[in-house]
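Each in structure tokens, the structures are laid out below.
In the two assemblies presented below, chain A is common to both, partnered first by chain B and then by chain C.
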Partner chain A sequence: MRIKRLFGIGFLPVFLVLCIFLFLQSDFCPAQEVGEVDILEESSTPPPAAPTDVKAVDTPNDNGHSITVTWTLSVDDGAGLGNVVSYEVLRSDAPDGEFEVRGLAPAGEESFEDKGAKEKGDANYLPAGVDFYYKVRAKGDGLFSDSEVSAPAHAYGQWYHTGKTPVVVAVLAFSTFALVFITLARKGKKLYIRPLAGIEAVDEAIGRATEMGKPILYILGLGSADMIATIASFTILSRVAKKVADYQTQILIPCNDPINMAVAQETVRAAYLEAGRPDQYKEENIYYLTSMQFAYVAGVNGIMLREKPATNFYLGKFYAESLLLAETGSLAGSIQISGTDEIAQIPFFVAATDYTLIGEELYAASAYLGKEPILLGTLKGQDWGKAVVMIALILGALAATFNFQFFLNLFRIQL
Partner chain B sequence: MRRTLPIAVVAGVGFFMLIQYFIPREEFETLYEWALDWTMVIGAFAMALGLYSLTNMMLNKVKRKSEGWGFSLVALVGLFLMIFVGLVPHYQESLRYGTLFMDIFEYIYIPIQAAMFSLLAFYIASAAYRAFRARTVLATILLVSAIIIMLRLVPLGPLSAVNQWLVNFILTVPNMAAKRAFWLGVGLGATATALKIMLGIERGYMGRD
Partner chain C sequence: MSGEVVGVWIGAILTLGIFSFLYKDNPFYKFSEALFVGVSAGYWFVVTFWQYFLPKLIDNLALAYTVLAVEGRIDYHWVYILGGGLGILMLLRLFPSVGWLSRWSLAFIVGTTAGLQFTRYLESNGIIQVKGTILPLIVGGDLNTTIGNIVIVVGTFCGLIYFFFSKEHRGAFGGAARIGVWFLMITFGALFGYTVMSRMSLLIGRMDYLFSNWLHLIG
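On to the complex of A and B.
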């Protein structure tokens, strides 16, 4: 009877449970199957081993608001269980205090830079001189393990950026060359400087304007007064304006920057004074047009077509407007001398103007025009600097070919 | 004194700017940022100077009825109109779309600027015509190189692979070598110029002694 009851009533639920179990195991219900296996795996997999040897040190060559944390990889990172996904870096101001997450590093990474803000009000502020404690958390599949807490470390700013040592050496060596040649020039040593066609043509260009009774147009470019090309242009303007004053012709300088205008006015005024013709100076010929690039082009092109200047100088920093200016000047029949340190504009100037000062020639032009021995001394120093660079390039190519890392590391700069 | 003081200021500021590059400390960073702020302040004051210069020159042209005085009148009207619509009626909203200020900027100024820029295409053609005339060996090399580079985007069938190799060679070997030589020269030249200015050897930009 009991057996009958077992088979008649008790067997039915057992049979149903068995059917459900088989159904769940079958292909008809794959999602449920994966979920179940996942849960089983998750609960059975241990967390990844914690990273070890956590060290925190001040980040070198910085302003004092950064600490670098290093660690030895978890044994489960790439080996062992292989379940490390990332490392979380945590920071606290006390070894047993509350740790906050400062950042995440991917698996395989052994360091993290905890870079804070320098402003006190900033949420990410990291004060200099305050001790901090770090620990690193190995994370994987929702499980994690924390490392030991590191020894305290504090950030502080450095007085010298060691990664820039090659730059210091280069600046000192180059300055020494320049100073040696300036001293030699002061003592009266004759220095030979190769002639530049663009500079030789300056006298001819100013003479042409005088003969034609037409003005000279001098464009300082679109650079601001703190750019080296603009400063070089001011020094050339000083020389050109002196010759213009000597020849008693007119110079027009439309500016795109009010500061450039003020500096140009003073420069030209001084040149006229030096030439003994202060009465010839006209401040209204040096004026501000606009700071907008293409509006400036329209204004200058208008001047070229109306005034028909005999000579155009384009010296300074130029961008897309270079060809628009130079082609208009060419169509207006002016003799044109250009110079810039913008490499992309050099081909335009070479194609559209009569003479072009390429890159460093723009900086050297003032020394050429002035012919003062001291200025020529700096050019000679520059030439020696170039010779050293050329030798270093050849040695560097050989070192790279034969894998002399020591020599190559001498030139490595860390910014 | 009138000569020594400006040179001392230039030398002092120049030397500070040089050494701050090698000192990463916060105090030096702050001083550097402070110096940059000052250049902006000076720039803002200089803008008033520029505005005076521009207005004065344009007014004189209009008064004297010099050649092209009508353009000066348009420039003056444009200048004061933009100041008026930008400041007076919509001061708070002048930089929002839909205001008269932004409409003038967007529908008049930007198209004029685009027209000016588009002239560059025609000027490149005329300049290229002059530059690429094969009168000398160097001009011929330039012409051939330019043709190879320009053909890069043209489908040439089996020749495309050869042309692509040539383009890569031209850009990465002779072109890159010339560019690097240029940059090295510019770097040394800039250092020499800075040195000349800091030592007071070059003073042409300072005006009167």
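On to the complex of A and C.
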């Protein structure tokens, strides 16, 4: 009886405590449950395992201020605990020195490039030839684990960029073709160049200017002297100037660039000398106007309407001013020969001028006019290069159709 | 009257002066043209001095001198003295007796940049373009891509034939060149239409300046 009573009296508080405990553990009290579970889970979750096999090597094909770090993924990255969120790459100049964070890589990534600046004063300067030590930290859920420190590595620049080997092959091929044909041309072999309509009209255009007693206007374009189209224009100018000297016609060359003006003056002076008329060369006809695009066009348009040249040459690099020049020249009644490699401007020249040299025809024109062995041989070499490209295109298209990757990889260039 | 208002009026009057060219050459246009050419030439001189000459030559040489004076070592910035020397040679064109020395500077500019452009253009305009044109002629299950790839490959091939200067355009070769010309002209037509739109936007900009900024006729 006493036991029953004791049990009955003692059983109730125990039962109540037990109920409360079970209630707190159950799904009916989610808020308290999450907090308690979180606290319990946070305290029991281990940090992600550290990555292994950390290696640091000089980054290939660079300027010598970059080191690439690689590692084997943590076992908890996508497997195991699955709690790796990112990897932190740390660097020090001593194996037991202070490590600084160099960057982050996401989970699943097995490499990181530590790129530094090459200027000594830059905060991110990474000196070449200095040993650095790296370690990789696996991070997740506010916890982390560090790998072993890597062996020392130092950055150094490469003399040769292996990723650009296709460019080297192409340079050697084109150069070989050009040299072979230049040699053949110098030995007197006749090299055939098909006629170009725009170039065949040059003589006629210069003759027209001579008959009318009006000057020739030669526009070198808005490119600088280092542009290919401008260099091609200088070569054509040399031929045109020689004819102009022969015919004793005046040539006006307003220039957009001071360097272009200097080169044009030398070119025309040499042409007059070659023609045996150095005394007729007038340097004041070749002058600098302005470097601003539309101010230059305004000036040239004024020249066209006042001087009324019989022939206008637009040969070089042109931009939005192309139609402005061509239309004004047409208004002035000039015969116009144009040529540019600027694709967006060719349609305007085709529409508004009498003869247009399209793209590479501008480069070929200089060889066609002068018939010099170097220029003819170079043009022939380019043609052979084009033939190689055409064959490569056909073979490449067939290889791509049948998925022959080997051929496609020959053209892979690392930028 | 604020400076901004004066500036807008001057800009509007000079704009109309340039537009008067559409009628015919006249003193108003001549004045606007001369002012435009002269001011732009002077502006470019100032820009060249402050943005090129000063930072690229003077500042770099000053830095090299400072390193030599403070640290006692020769810094690589001394190399800019070569550029300065070539620039002085160019200025010698003003003196006829020694003007021929400027040809060294010109030769350096033209020769060096042509050599540097060789590899750059061969990579960007040659190899990368060839790689981009190597496309499968048949793409299973995708007729649009198949037709597009065939058009690209055939158009590029025939365009290259057109620019082949060593053989006359006759027979089959001439036929392929003719196809190349068609491709070129269709492309130029599309570019013409596209570029005209950008020219229209330049005109709209000027009209907006006149009617909005100057006359306040539009919002």
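We take it that the second predicted complex is superposed on the first by the 365 of 415 C-alpha atoms of A that agree within 3 Å, B and C clash if a C-alpha of one lies under 4 Å from a C-alpha of the other, contacts with A are read in each partner's own complex, and residues count from 1 in each chain.
By definition in this document, contacts are C-beta pairs under 8 Å (C-beta built on N, C-alpha and C of every residue); 3 or more make two chains touch, one makes a residue touch a chain.
All values reported here derive from a predicted model rather than from experimental measurement.
Engineer: Quick check for you: in the superposed arrangement, does A:A392 touch first (chain B), second (chain C), both or neither?
Structural biologist: The answer is second: A:A392 touches chain C but not chain B.
Engineer: Contact-wise, after the overlay, does A:A344 reach chain B, chain C, both or neither (first, second, both, neither)?
Structural biologist: second
Engineer: Going by the contact rule set out at the top, does A:A352 touch chain B (first), chain C (second), both, or neither?
Structural biologist: It touches chain B, and chain C stays clear.
Engineer: In the overlay, answer first, second, both or neither for which of chain B and chain C A:A117 touches.
Structural biologist: neither
Engineer: Tell me which partner A:G302 touches in the superposition: chain B (first), chain C (second), both or neither.
Structural biologist: The answer is both, since A:G302 touches chain B and chain C.
Engineer: Of the partners chain B and chain C, which touch A:E266 in the superposed model: first, second, both, neither?
Structural biologist: both
Engineer: Report for A:L408: first if it touches chain B alone, second if chain C alone, otherwise both or neither.
Structural biologist: second
Engineer: Give one of first, second, both or neither to describe whether A:Y192 is in contact with chain B, with chain C, with both, or with none.
Structural biologist: In the superposed model, A:Y192 contacts chain C only, not chain B.
Engineer: Where does A:P166 make contact in the superposed view: on chain B (first), on chain C (second), on both, or on neither?
Structural biologist: After superposing on A, A:P166 lies in contact with chain C but is clear of chain B.
Engineer: Overlap the chain B and chain C contact sets on chain A and report the shared residues.
Structural biologist: 164, 167, 171, 174, 226, 228, 231, 234, 259, 262-263, 266, 288-292, 294-295, 298, 302, 306, 320, 323, 343, 346-348, 350-351, 358-361, 364, 379, 386, 389
Engineer: Which of the residues in chain A come into contact with chain C in the complex?
Structural biologist: Result: residues 164, 166-167, 170-171, 174, 191-194, 196, 225-228, 231, 234, 259, 262-263, 266, 288-292, 294-296, 298-299, 301-302, 305-306, 320, 323, 343-348, 350-351, 358-361, 364, 379-380, 383, 386-387, 389-390, 392-394, 396-401, 403, 408, 411-413 of chain A touch chain C.
Engineer: Would you pull the chain A residues touching chain B in the complex into a rising list?
Structural biologist: 61-65, 118, 128, 157-161, 164, 167-168, 171, 174-175, 178, 182, 224, 226, 228, 231-232, 234-239, 255, 257-259, 261-263, 265-267, 269-270, 273, 284, 287-295, 297-298, 302, 306, 320, 323-324, 326-327, 341, 343, 346-348, 350-352, 358-364, 366, 374-375, 378-379, 381-382, 385-386, 389
Engineer: What residues on chain B touch chain A, complex-wise?
Structural biologist: Spelled out, the residues of chain B in touch with chain A are 18, 21-27, 29, 39, 42-43, 46-51, 53-54, 56-57, 60, 67-68, 71, 112-113, 116-117, 119-120, 123-124, 126-128, 130-131, 179, 182-186, 188-197, 201-202, 204-209.
Engineer: Can you check the complex and tell me which residues of chain C touch chain A?
Structural biologist: Residue positions touching the partner: 18, 21, 24-25, 29-30, 32-33, 36-41, 43-44, 90, 93, 102-103, 106, 109-110, 113-114, 117-119, 121-123, 126-128, 130-131, 133-138, 149, 153, 156-157, 160-161, 163-169, 184, 187-189, 191-192, 194-195, 198-199, 202.
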